[in-house]
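In what follows, chain A forms one complex with chain B and a second complex with chain C.
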Partner chain A sequence: MPNNDQKNLLDVKNLKTHFFLNNGQILRAVDGISFSLKKGECLGIVGESGSGKSVTSRSILNCVESPGKIVDGEILYEGRNLLTMSEKELRKIRGSDISLIFQNPTTALDPLQKIGDQFFETLKAHSSYNNTVIKEKVLETIKSLGFEKPEVIYESYPCDFSPGYIQRIMIALAILCKPKIVIADEPTTTLGVTIQSQILSMLDRLRTELGTSIIMITHDFGVIAQVSTKVMVMYGGQCMEYGPKKDLFLEPKHPYTIGLIRSVPLIEARTIKKLYTIPGSPPEMINLPSGCVFASRCEYVGKKCLTEKPPLKKLNEERYCSCHYPVEFNTRDEIII
Partner chain B sequence: MKQIIIKRLIIGLFVILVVTMLTFALLQLFPGDPAKMIAPWAGEETLIEIRKSFGLDSPFHIQVLKFYQDALKGDFGESFFYREEVRTLLFSYFPRTIYLTLGALLMALVISIPLGVLSALNRDSFIDRIVLFISITSQSLPNFWLALMFILFFAVKLGLFPAGGYGSWQHLFLPSFALACTLIATFIRSIRSMMIDVLEQDFIKASEARGIPRLYIIKKGLRNTFVPLLTLFTMQLGYMLGGAVVIEFIFNYPGIGLLAMQAVLRRDYPLIQGLVVLISTVFIILNLLVDLSYTYLDPRIRKEEL
Partner chain C sequence: MEQSLLKIQELKKYFPIRKGLFKKQIGIAKVVDDISFNIGKGEVVGLIGESGAGKSILLQTIALLRQPTEGKVVFNGQDLADCSKKELKKIRKQMQLIPQDHQNSLHPRMTIREILKEPLKIHGIGSKDEKERKARELLELVELESNYLNRFPHQLSGGQKQRVAIARALALRPELILCDEPVSALDVSIQAQILNLFMDLQKQFGLSYLFVAQDLAVLRQISYHILVLYLGKFIEIGLDGIIYENPLHPYTKTFLDASPSIKKNIYEGERIPITWGDVPTPLDPPAGCAFHPRCNQAIEICQKVEPKLEKVNEKHFVACHRVNE
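Up next, the complex of A and B:
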């Protein structure tokens, strides 16, 4: 288990990624996010669509495309700031130290290139092995994830397999260069439930067996519950609540977190009733309210929420929450009902 | 696969049948008498004689049937004007048009692929504007004017290339270049927009996130534009093989286009028919070849076919 004295592998401080639209408006997709990741941890970033999760993931690799721009903050990977690095240095880190798994497996591979060649070029870009060794290593990696015939996969094209199968291959591709951090951007959203559990257990094995740190981006609290060690809840490009998974699940403080937990269907629920939904829809990112971004949908909204933006308060050593009126519950039942 | 090819060839034959029928019908409606074209000052008796020797005196349906009968044997008759077999004429003129067309296509590709890729990579930048300016300019200048300017500049002033005729690769250069200029406009813009489309796709972003070098990513992008580009190229190639009439005329280049123009002006019916059959056959075969090549270029199409 990671201990708290261990140095942070990744430190994101006050990250701000804004999109400068053609009409002069500024879309604050990510607005002041901070988090840290240690070796062997799995951070779950959760939030509705459009809350800035994916932009966060792309910002970590410093590959946000125009008109998006990282305007402020620091991303420290092993103490080095990725935002001040040259493109050449960054390229060495991308795919090799930090790798990304995309949401849609069917579009994340070049359709005209053999799967093996895409593995090959990735390892080639990050190593000085000769071609035979590279091919061996590729086959080894594919095999290590439990695939039966690595040679067949090597010679196949992406269209030869189902999306779920490809996503598992994508995990193999992501760990090919033995990265220290794998960022999985909604890796199971487009897949079926059985495949989802396969993928999640695969990722969990990476973490427990190889000590790879994982950033799991999802809108599904169920996924978070399964694999994360800590959680960040995002809304409107901002961090609502951040802390260890257990604490966050058992004692959620932020009304938004509570809403998200309530909207997960539970098998153990004693009575059959309509599933909870948070009223309203995510905010328009262009005109964010001046107060709390969640105020308009919040059950516990107070006067202060509409005028004053709540700061991210430190509750204890590991927990943060940005709410003027954090909610107190005594038992889990109260949350669910 | 075999079935598809056979099906396509049968459809192709049908197309050729329809096209030749239409040509026949149109030529009947066309004013002008071939006999008069050949002997403008001849008396009525001579004209009748000439018509008889060409088989023009027999009724329409007999003429049509005779044409198809001979055509099936590969015989398209004898040109009224050249007094030579149409087949022989086509065999000597068509290769020249192929050279001209391939030359133009090659030049257009060599110029437009780098420019198109460059402007896609530097979208909305200064470079992009310049490339678009080149493309719009080359499209707005009519190619007969460009051709004349080329003759004036490269042939007359600098004396680098011959002003016209046929014989060596130098003869090929100016007409090919003039033809290429029109193509460049379309090519640059298609390559640019296709490349932009591809570069926005997930697998390119994924490759970037894997730290793949830029040059490889451009290569990936280009490979993915290949299938739609090939369609565009073949369409253009097809049209050009049908004869670049204006360019061939200006450079006095003895290709299919020049031959076709003269054939029409002289009401040289057998030659016109022969040309129509040739051009439509080339078009059909070219399209078939391209469709077949897709299955080799794109594994997704290959999978569907099997």
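Up next, the complex of A and C:
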């Protein structure tokens, strides 16, 4: 989706992150992904486990671990390419301009350090304030997210709180340096729905009140429906469909998108009925099929799908879909019961 | 309810809190507090609650993996407290638990074949050949190919591990399966597959489930009867889907609102009310109604008097002071 609009905060172009395994095989975890992010937008990246969502988020910060390597593409943050920057410059951006919220809140904080000290360390590394000011700023940030006793949190250890509470503290840590982009990597997967709704509303507030851009990584279309403004559906390291949230939900074009939307359990369901399931399981990334990666699980599969890889086609100004035979599907019948 | 298979009467599980050199008891955590309910033959009952509500402890106490402090667990007309060890072993055969953490509930050094044969071994069922055949059958039931028999758990994906855990629970042909959040750590697409599998098996074998989840939308797919647990107590019980149509307790409404809904978000564009806060700790429960610090409808009486679970109609019980207003 090359779009040279000046206002784009982040532009990822044709990103390819491959893993070079010991036995000489190449695992194409991310294979030619492009997207853009403007100020105050929330991009939802959806896909099953192993579809390359997390590797994409790590690639954005250029911190892919060996044997992974970014082999191609550009990541432009405010016009500067993060992939050609020195490690020193990158460290200035990580955690301060672009910050990350991890999937597992219980292991993301150091258990032996007070929560306050971990906040302190982060701000100290990214600012030139003196120690008293830093402490004030930390307390202010914690308070701004609705915590009642920031001083108590400051002096506590991570084990003093439940995972849901820690995840909310992680959000405070992520916005401590007033980042322009927050990447949330499945922030609610290990939590129950009630805590999930708390976390999602916090992220939504960041976006609407502070104008922070968010990249939300999840496997749940229900979560996407709640927070995103646009969506990218990933499968087998590739982009299947990309577009504004509402359009994508109302008229999904790619069979995989349709499958994911239909497999979300509906709270409004009247009777007990079987859920729709996508047959099979995600592909083995080491030997991907030569045609469309989704062909083996697709119910609309045609001859062309098995031999020819579908290109990412532009459907209109904002929507892209990589399918030989885009489907006409209206979710209204499925969802309005 | 039909003829009851499992009958829980005033079940309590307290943990003493000890501190210091002489382990002096300084408090008591009432994790399961005065719980009564029935599960009929072939019935699916859903149990919902946030983490910290006491769901897992309740299930473990029912399975008698923990000794109840007080109360009765009656299975098939037999009080488990009166049973000898031998009788208990027989009952355990009919009542299986699928533990919450499927990632770690399979022994990492056993192959899937060994894992599936283990319950048969313990209960001395079948010859060597029969065990092998049974293991293959079980895998087939959960829609896995038989070449998985030689694999180790770490070679399986999350969804596949969950299938093996289900197959293991089915090995002894139980009547009741206690499912402790069997789908909460799975991808949505895999979750749909596993939920359908649970439903198919239920129909095929006439199983009863006590099915725990943290999401009412998930329970909607599988059970009509819902128990809502908060801090070790039921605060609402609704049979035949009544909870979805007419939730009475503010806490139950929280769950209905919190389930991410495509309909509400995309088609109706509603702003969803958020209930803040966590489940309080059982070490220091709030006075009065345990939910009042988070409740947006709390009045004075809620802070002082604990509401009792009262009957609204045949199918609906609720513990809230404001229910009659």
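FYI, the second predicted complex is superposed on the first by the 320 of 337 C-alpha atoms of A that agree within 3 Å, B and C clash if a C-alpha of one lies under 4 Å from a C-alpha of the other, contacts with A are read in each partner's own complex, and residues count from 1 in each chain.
As a working rule, a contact is a pair of C-beta atoms (placed from the backbone, for glycine too) under 8 Å apart; a residue touches a chain by one contact, two chains touch by 3 or more.
Keep in mind it's a predicted model, so treat the numbers as computed, not measured.
Student: Could you look at A:Val223 and tell me whether it touches chain B, chain C, both or neither (first, second, both, neither)?
Tutor: The answer is second: A:Val223 touches chain C but not chain B.
Student: Does the superposition put A:Gln167 against chain B (first), chain C (second), both, or neither?
Tutor: The answer is neither, since A:Gln167 touches no partner chain.
Student: So, A:Thr141: does it touch chain B (first), chain C (second), both, or neither?
Tutor: Neither partner.
Student: Quick check for you: in the superposed arrangement, does A:Arg94 touch first (chain B), second (chain C), both or neither?
Tutor: first
Student: Classify the contacts of A:Gly259 with the two partner chains as first (chain B alone), second (chain C alone), both, or neither.
Tutor: second
Student: Tell me which partner touches more residues of chain A in the superposed arrangement, chain B or chain C.
Tutor: C
Student: A:Lys274 in the overlay: touching chain B, chain C, both, or neither? Say first, second, both or neither.
Tutor: second
Student: Going by the contact rule set out at the top, does A:Asn62 touch chain B (first), chain C (second), both, or neither?
Tutor: Once the two structures are laid over each other on A, A:Asn62 reaches no partner at all.
Student: Determine, under the contact definition given at the top, whether A:Cys159 touches first (chain B), second (chain C), both, or neither.
Tutor: In the superposed model, A:Cys159 contacts chain B only, not chain C.
Student: Which chain A residues lie in the overlap of the chain B contact set and the chain C contact set?
Tutor: Common to the two interfaces on chain A: nothing.
Student: So in the complex, the part of chain A that touches chain B is made up of which residues?
Tutor: Going through chain A, the ones touching chain B are 58, 61, 63, 65, 90-96, 99-100, 102, 104, 107-113, 121-122, 125-126, 157, 159-160, 173.
Student: Which bits of chain A are touching chain C when the two form their complex?
Tutor: Spelled out, the residues of chain A in touch with chain C are 48-49, 146, 162-165, 189-198, 200-201, 219-223, 225-226, 245-246, 249-250, 259-261, 263-269, 272-278, 281, 331-332, 335-336.
Student: Sort out for me which residues of chain C touch chain A in the complex.
Tutor: Per the stated touch rule, the residues are 50-52, 157-160, 184-185, 187-193, 195-196, 199, 214-218, 220-224, 244, 254-263, 265-267, 272, 274-276, 278.
Student: Quick one: which bits of chain B touch chain A in the complex? Just the residue numbers, please.
Tutor: 201-203, 205-213, 216, 220, 223-224, 297-300, 303
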